[in-house]
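In the part that follows, the structures are each spelled out as structure tokens.
In the two complexes below, chain A is the common chain; its partner is chain B in one and chain C in the other.
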Partner chain A sequence: MSSPDRFSHALRFLHHLGAVWIAVILLYVVSGLISPGMFQVSQALNILQIAAFLGIVAIGQTLALLVGGIDLSVAGVVTMSNIVVTSLMVGRSETMVPALLISLLLAAAVGFINGSLITLARVTPLVATLGTNSILFGAALVYTGGAPHGSISPGFAVFGQGHLLGLPVSTICWLTIGVAMAWVTRQTTFGRRLYAVGANPAAARLMGIPVSAILISTYVLSSVMACLGGLLLTSYIGSPSLGIGDQFLLTSVAAVVVGGTALSGGLGSVLGTIGGAIFITELNSFTNIVRVSTGTQFVLQGAVIALSVLIYHLVGSKRISS
Partner chain B sequence: MSDEPRHPLLETPGPVLAVTRVDKSFPGVRALVKVSFECRAGEIHGLVGENGAGKSTLMRILAGVLRPDSGSIQISGKGVTLNSPRHAHDLGIAMVYQDTRLVDELDVAQNIWLEREPGWSFFVDRSEMERRSAAILLRLGIQIDLRRRVGELSVGERQIVEIARGLTADPAALILDEPTSSLDPAESKQLGKILAGLRSAGTGIVFISHRLPEVLEFADRITVMKDGEIVSTLENKGLTVDTLVSLMVGRTLSLAFPSKTAKPGAARLEVEDLSSLGHFQNVSFSLAAGEIVGLGGIQGNGQRQIARALYGLLPATGRVRLNGSRISLRSPGHAIHSGVVYVPADRRGEGLFVAHSIRENIAVPHLSAWSNFGMMSNRQEAGAVRETIDRLKIRTPSAEQPVGLLSGGNQQKVVFGRWLLAKPILYLFEEPTVGVDVGTKLELYRVIRRLADEGAAVLVLSSDLIELIGLCDRILVVAHGRIVDSVPAAEATEERIIGSAVRNKRENALTRDFSGKEAGQNARRVSIREVLLRRYAGAGLLSLLILSLGVYTTLRSPYFLTERNLGNLVIQIAPLALVSVGQMAAILIGGIDLSVGPSMSLTTALASYVIVGSAPANIVGGIALCLFSGILIGALNGLTILYLRIPDLITTLSTFSVVSGLALIVRPSPGGNVSEVFSDTVTTRIGWFPIIGLALILLAIAGESLQLRGRVGTQWYAIGSNPEAAFVAGIPVRRVRLCAYLFSGLMAVLAGLVIAARIGSGDPQAGSQFTLASVTAVVVGGTSIFGGRGTVIGTLLGAILLVLMQNSLNQLHVSAYYQYVWTGALMLLAVASYSMHEYANLGAKFNAGLQKRARL
Partner chain C sequence: MAIKKNVYVVTRRQAIRLSAGALGFAAFSRVFPAYGADAISSAKITAAGETVSGSKYKKKGPYRIGFSNGFSGNTWRTEMLHSMKQEASQHQDLADLIIVDGQGDISKQVNDVENLISQNVDAILCIANSSSAVAPVLRDVTKQGVVTIPFNLPVEGEAWTAYIGTDPEKKGFTLGKWLRQASGDSGKIVALGGLPGNSYTASAWAGAQKAFEGGQIQVLAFRDAYWEEDRAKVVMADLIAAYPQIDGVWCDGSQDAAGAMKALLAAKRPLVPVTGDDYNGLLKLYQEQSGNYPKFKIGLLSEPTWEGVVALRTTLKLLNGEDVPKRQIIEPRLITSENYKDYIRPGLPDGVFVDTDLSDDELKTLFKS
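Here is the complex of A and B:
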């Protein structure tokens, strides 16, 4: 066995296991060796608590990539849900449920607009969601006048900050949603159609699948997931903050591609993205441990996106040619 | 051979083109096995074989598109290695493709001379190009206005343009791949004359065709291929269609096809007065149980559209009954529900989910049936899939194998197999055996016959008349969107079918306008005005918009028209204009560059360190360093996209992140001082007018002339509009695309330098809004987001409009926060209206040209 052969063999082996989980474990061990505090249970739980916000947003992003699109408006949706829910709750309890419902409805509306732009007006997903993202950011500025006010209901904090049976509530929410969406995508007719549309929309149409309806519901789901992530994050920090969602524009895409979902659509999984979100969060805490600048973090993040696409690409083409 | 070779060198005609023991394999298929073939000077050499016999692969190797795995190629007796289509063409091999590889966005002259334009190193000599094109067309005896866009030509005219292109270099060998499949006999005759003329001039011609009578009429020698091997090469003396067919199939016809039905049963499908505007009219026919009926005639006369309309893919009026009850033709979903299924010709494009497993591919139309309340039943699915694999003998290690790894024959069995489970009433097969080896082909014929025997009705479309005649019980001849004849199996011959198709053409004067090919059209002239309008209508509209916005703001705010404000406006426009022109290059070639905004930030940050002091040498050195960073970023983008094959979107998204990070590393917060000399120079004004405005005007002029007459402009349009055509024309696609990203990177740096000069310091966020704004300016300026169409002038006007709007809103005291809203909205509006317009155009084109092979 020559060494390139061995290399590709190793790559394939990792691929079958789910390469992302290997990466998650490796990075954890490396950061633990540098900073032994990482090996404490509380620190691990802390990472899982923080990863939940990105994790839920990235689940939505996974769906968008699975249908062969992309959703860059998740950033705007996270900011919107943060601003809306705090300005409506204004620290009182009785406003909690209506505030949550309203922000979820708004998010669904954004997703519906994205989906309609993409299917009916034939705007490419990148341009459509980049446009709505800009509009949402502008709307948040106009709505708050640049200085957001308000705070969350007292009972709402438990979702982001509380613990249940020793586990962070945010993590429980995230994993529950993740497992549910994994089941929906793999074991329901909707999920199977979603994969089919992503792999080949023209063929899907010829098989009688209502392609536009599937695409629109996917973008609605993506927005709703972004909103849920934003709400959980808001519950964690307790106050409004303009541009709080901006970080998710790139990290959500990063988590999805690290998790092994292909950009071409129809290949990938929600479970992989859960690993991807943990990896990105670990990477951030790792960069904090080794005290690199924000700039370096951006550079690393970009490199991670490109590298993981490249690695999956290599594994994928090895598989086809074998 | 009736014509005597006149060329002195060709008195003993040796092979101009020869291949020896060539092998070629693709994953899962051996496309060519030890193929040896030669074409002599001054002969027409027919090459025949069934679909998938390897003809196209062989031709693609000769055209330099594919490389053989082993074996050798000789041109005029000399061994050669063909590195690229360009190389093959330079060595004297001209290729005329079946699905014409032309660039719709370019005009006739540009297509004929694509990548071989006469002229100078950077510019094309348009008048020389037109003169030479006219000479070639004259030689071919055809008149087509050289300024017509190729997108509006009929298939026959496109074919002529392709041949004209082949003749630009006076080739030693001309290869024509199925040139007559969409031509009527009159046009084929014309082509025959042209070929005879070329032959007598000593050109070696390889003529590939399904239409055997034509091959027998034109060719001097005929080579037959089967399953990737040469069966034999024969002198065209005393050959008949039957001998050729039995060589192609490897057995006599009667053995190849299953026996026909004895007596059809009850009526299954009844079609009455089915019409679809621009496609077909008043089509009526019926199909009985057990019957296989073919739709034949000359390709592109509406056969495909009739089948697609029956499947709900094309809006149509009329009555369609299945088993006596009317069915709706609203969508494929409705069709499937009523018992109609369709197997499309384009297996990879419309039939399969290539990356998914056999199981998933078979399951797609049955998801509802195999589920309860939306939840899949895995057991039911696995059982049904197993059954299908067994029944059709699909050769695969497991049901989880991705279909992309199967051979063509097994892939087609998956496509067939997924429908069998539903027990449909009517099957529509379009090219059911395309790209399938002969063995599987015969199996598929038996499967189709068995479906009919089991009581289904079957409609078959095939460009292969032998297949149609062999398989069908009855053939309906379609000409110009009408059924003009119904030929029973016993009487079906190729002559009879083509004959009816042509006889009835004249009788259908009413439907003439479908074809767009009547006498007047060929001679259609295109005036300069029309050419200008085509290119600049959008720009004119934008100018009007800009003007009215200016007038409105002047009326509302006296400050607007002051010299001070106008001068500032120009300086504000400059960075956006520069970066947008770079962005336009990326979008024009079918990509996008999201990293331009961060590149601008990085430039200001760098400038605040390296463009300092007042020594000119320092300043120039600093500028050079900044430009170098732009080249690096552009190269990183381009190389990653082209050589690592990561999509442009994700590549530039990751460089977006990387470059943003670098800007923050270089200068974590705004600060530093950019050289005042530099700032003053960049913002110098003559009177109130900044000289940078002059630079923009120069950029516009240079850009427009490069796009209109420059080699690089043609290359950009060709690559964006049809990358495949650009590649086979010999354009170095990768290098040109890489240059576009380099250009985009450089323009972002120039834009960043202007900002650095304006603000006088470095700011790691200075460019953050420019990614979105540049895309907006480009699309508002009329560039198609899908590439292939756009102008520098339009982009500049788009940038002007954007900055002007911001300025006006400031004058009118609208909150600056709104700019995010309207920039996003404007971009969405522009892209949506352009793409919907384009889609409508595409529909109109599709309607107008029955001739045009549909790409929808």
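Here is the complex of A and C:
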């Protein structure tokens, strides 16, 4: 076998396995060798616990990217869920369930508005969701008057801070949702339609797929996922903060892209995104432990995202040419 | 240039509220020299720099004053704005207080200041998003005879009328010195700052490092934690994994400190001496946990939310033709395990910054709690 063929086979193998998982393992080994603290079981569990927040938000973002769109309102939805549940729970047990339901309903409404703006008003996803994000931040300011109050119900803390059978509960929630969404996207009609709409919306429409309904459902799901991620993060910290969602605006896209989902739509997987979220969290954790400046941390993250896109582009073009 | 200094202290809870507006203002002026710094709580305020002559800015009221707020997305700014608006309502010679929000955007803030000028304001107050970006526009406005008062965060150069704020380097030094003592001058510490690249944290951390010089303190790591509890908890969890021994935590804000202590609790590690500011969440955490962890101590320096009130009073003094100091440097009192009960607001939300001129009832209304 010639060298180019071997390279092609290697790339195909990586693509089949999900290159991000190899990257996750490689980074873990390298970071552990540099900083042995990374090899501790407690630190591995810590990374999985923290990755859950980004991981769930990124699952929603994956769906948005799969249909050829993007959801930049996830940051606003995370903040909204944090502000709403803490202000409604106010540290009492009996308010927990209504607060969670209201928060999820509000998120679904935000997703419905995003989907409607994109499908009915023909606003591009980037502009529509960025606009919604800005509105949500403004609404949080108006709702709280800039002074958020409240705290979580005592029983709610278990989701973000508790452990079950040695595993963080947040991780169990995330992986359960992840596996369920992977099944939905791969094994159901809705999932297949999602890929079809992302690959070619015009062809999907000709095939009789209700494109608008699929898009609206996707943005509703994306918002609900962002809300669930926000709820877990709120459970982890216990108090409200107006800036809590900001960190997800771009890292959610980064996790999805690193996980192998194409920005152009129709290509990618939820399982890849789970790996992407672990990778981004692992990278953050590693750069927190080793003595690099925040500037270097940003450069590293940016370089990794650019490199991922490049590798997947390379894998994609090799696959087409073969 | 000669430097005049005027320092005085007013006991906390005897806060001066100029409720009688102009009358109170005049009374206040009689008590302290015309160029004296203002005061409102237990903080010491040092007047430094040249004296700015009010005669140059004297105008007949009523006045229109603009305030360019860099952004408004946290509770400190909310309390500051509320105090400032309350203060404004008590001055009959103040016709309009026009507040514009820069939304954290450097260029928007420059544009905001230009818009205020076009509205013919007599003075512009400003909390800068960037110490350098807003400097040229303030210089131009000052040249036109408009009073310009940056406060809270410094603006580059001196091409503005007067400045009010704390000295972050000095605060960082004081906190560093306290932590050095609290951890027995030989501990291993980690440090958490605010937003990446912000000048406040940079200065405060520079001050802390000076305080550590010559001692046995070992700094294991410095990380940015965005002054957010959740981010600080995540960063601290990583540092806990990397360093088996952490004897103290230096923070320039108590959201970071609270997040760091919560990470120690989650990792079942003992709580350690920590620094920060006057964030109620940390004071409540201290009250709750100090009995369980004998080494848990706090050393905190506030960033008073009444800085805007002092800025507004200074502006009105100038427009009334009174002299003021070029710089009024606020030096807050150190809050420690010994005196924290004077500051804690147990019935109020974590997000409250307690060095405020607002009463508990006012804060309850503001925080809807």
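Operating definition for what follows: the second predicted complex is superposed on the first by the 312 of 322 C-alpha atoms of A that agree within 3 Å, B and C clash if a C-alpha of one lies under 4 Å from a C-alpha of the other, contacts with A are read in each partner's own complex, and residues count from 1 in each chain.
One rule holds for everything that comes next: a contact is a pair of C-beta atoms (placed from the backbone, for glycine too) under 8 Å apart; a residue touches a chain by one contact, two chains touch by 3 or more.
Worth saying up front: this structure is predicted, and the values here are computed from it rather than measured.
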Item to check | Partners on chain A (chain B, chain C) - clash or fit | outcome: clash
Checklist entry - Taking the superposition as given, does A:G146 touch the first partner, chain B, the second, chain C, both, or neither? => result both
Next on the checklist: Output check: A:S35 vs chain B and chain C. Expected answer is one of first, second, both, neither. What do you get?
Outcome noted: second
Checklist entry - Touching A:L221, do we find chain B (first), chain C (second), both, or neither? => result neither
Checklist entry - With the two structures laid over each other on chain A, which partner does A:L242 touch: chain B (first), chain C (second), both, or neither? => result second
Checklist entry - Once the shared chain is lined up, is A:L310 touching chain B (first), chain C (second), both, or neither of them? => result first
Checklist entry - So, does A:L106 touch the first partner chain B, the second partner chain C, both, or neither? => result neither
Checklist entry - Where does A:V211 make contact in the superposed view: on chain B (first), on chain C (second), on both, or on neither? => result neither
Checklist entry - Of the two partner chains, chain B (first) and chain C (second), which one does A:I135 touch, if any: first, second, both, or neither? => result first
Item to check | Residue contacts on chain A - larger count, chain B or chain C | outcome: B
Item to check | Contacts of A:T294 with chain B and chain C, given as first, second, both or neither | outcome: both
Item to check | Stretch of chain B penetrating chain C in the combined three-chain arrangement, among 668-676, 686-694, 794-802 or 830-838 | outcome: 668-676
Checklist entry - Once the two structures are fitted together, what part of chain A is touched by chain B and by chain C alike? => result 137, 141, 145-146, 294-295, 298
Checklist outcome for this item: In the complex, chain A touches chain C at residues 35, 37-38, 40, 42-43, 46, 50, 87, 137, 141, 144-151, 161, 233, 236-244, 247, 284-285, 288-289, 291, 294-295, 298
Item to check | Contacting residues of chain B [partner chain A, same complex] | outcome: 27, 311, 313, 331-333, 335-337, 342, 344, 349-356, 360, 363-365, 367-368, 371, 374-376, 378, 402, 404-405, 592, 640, 644-647, 649-651, 653-666, 668, 764, 772, 775, 779, 785-786, 815, 817-825, 827-828, 831-832, 835-836, 839
Next on the checklist: List the residues on chain A that touch chain B in their complex, please.
Outcome noted: 70, 117, 121-124, 126-128, 130-135, 137-139, 141-142, 145-146, 187-190, 192-193, 195-196, 199-200, 202-210, 250, 253, 257, 262-264, 266-267, 293-303, 305-306, 309-310, 313, 320-321
Checklist entry - Which of the residues in chain C come into contact with chain A in the complex? => result 72-75, 77-79, 81, 196-197, 221, 223-224, 226, 228-231, 233-235, 237-239, 241-243, 255, 259, 262, 266-267, 281, 349-352, 366-369
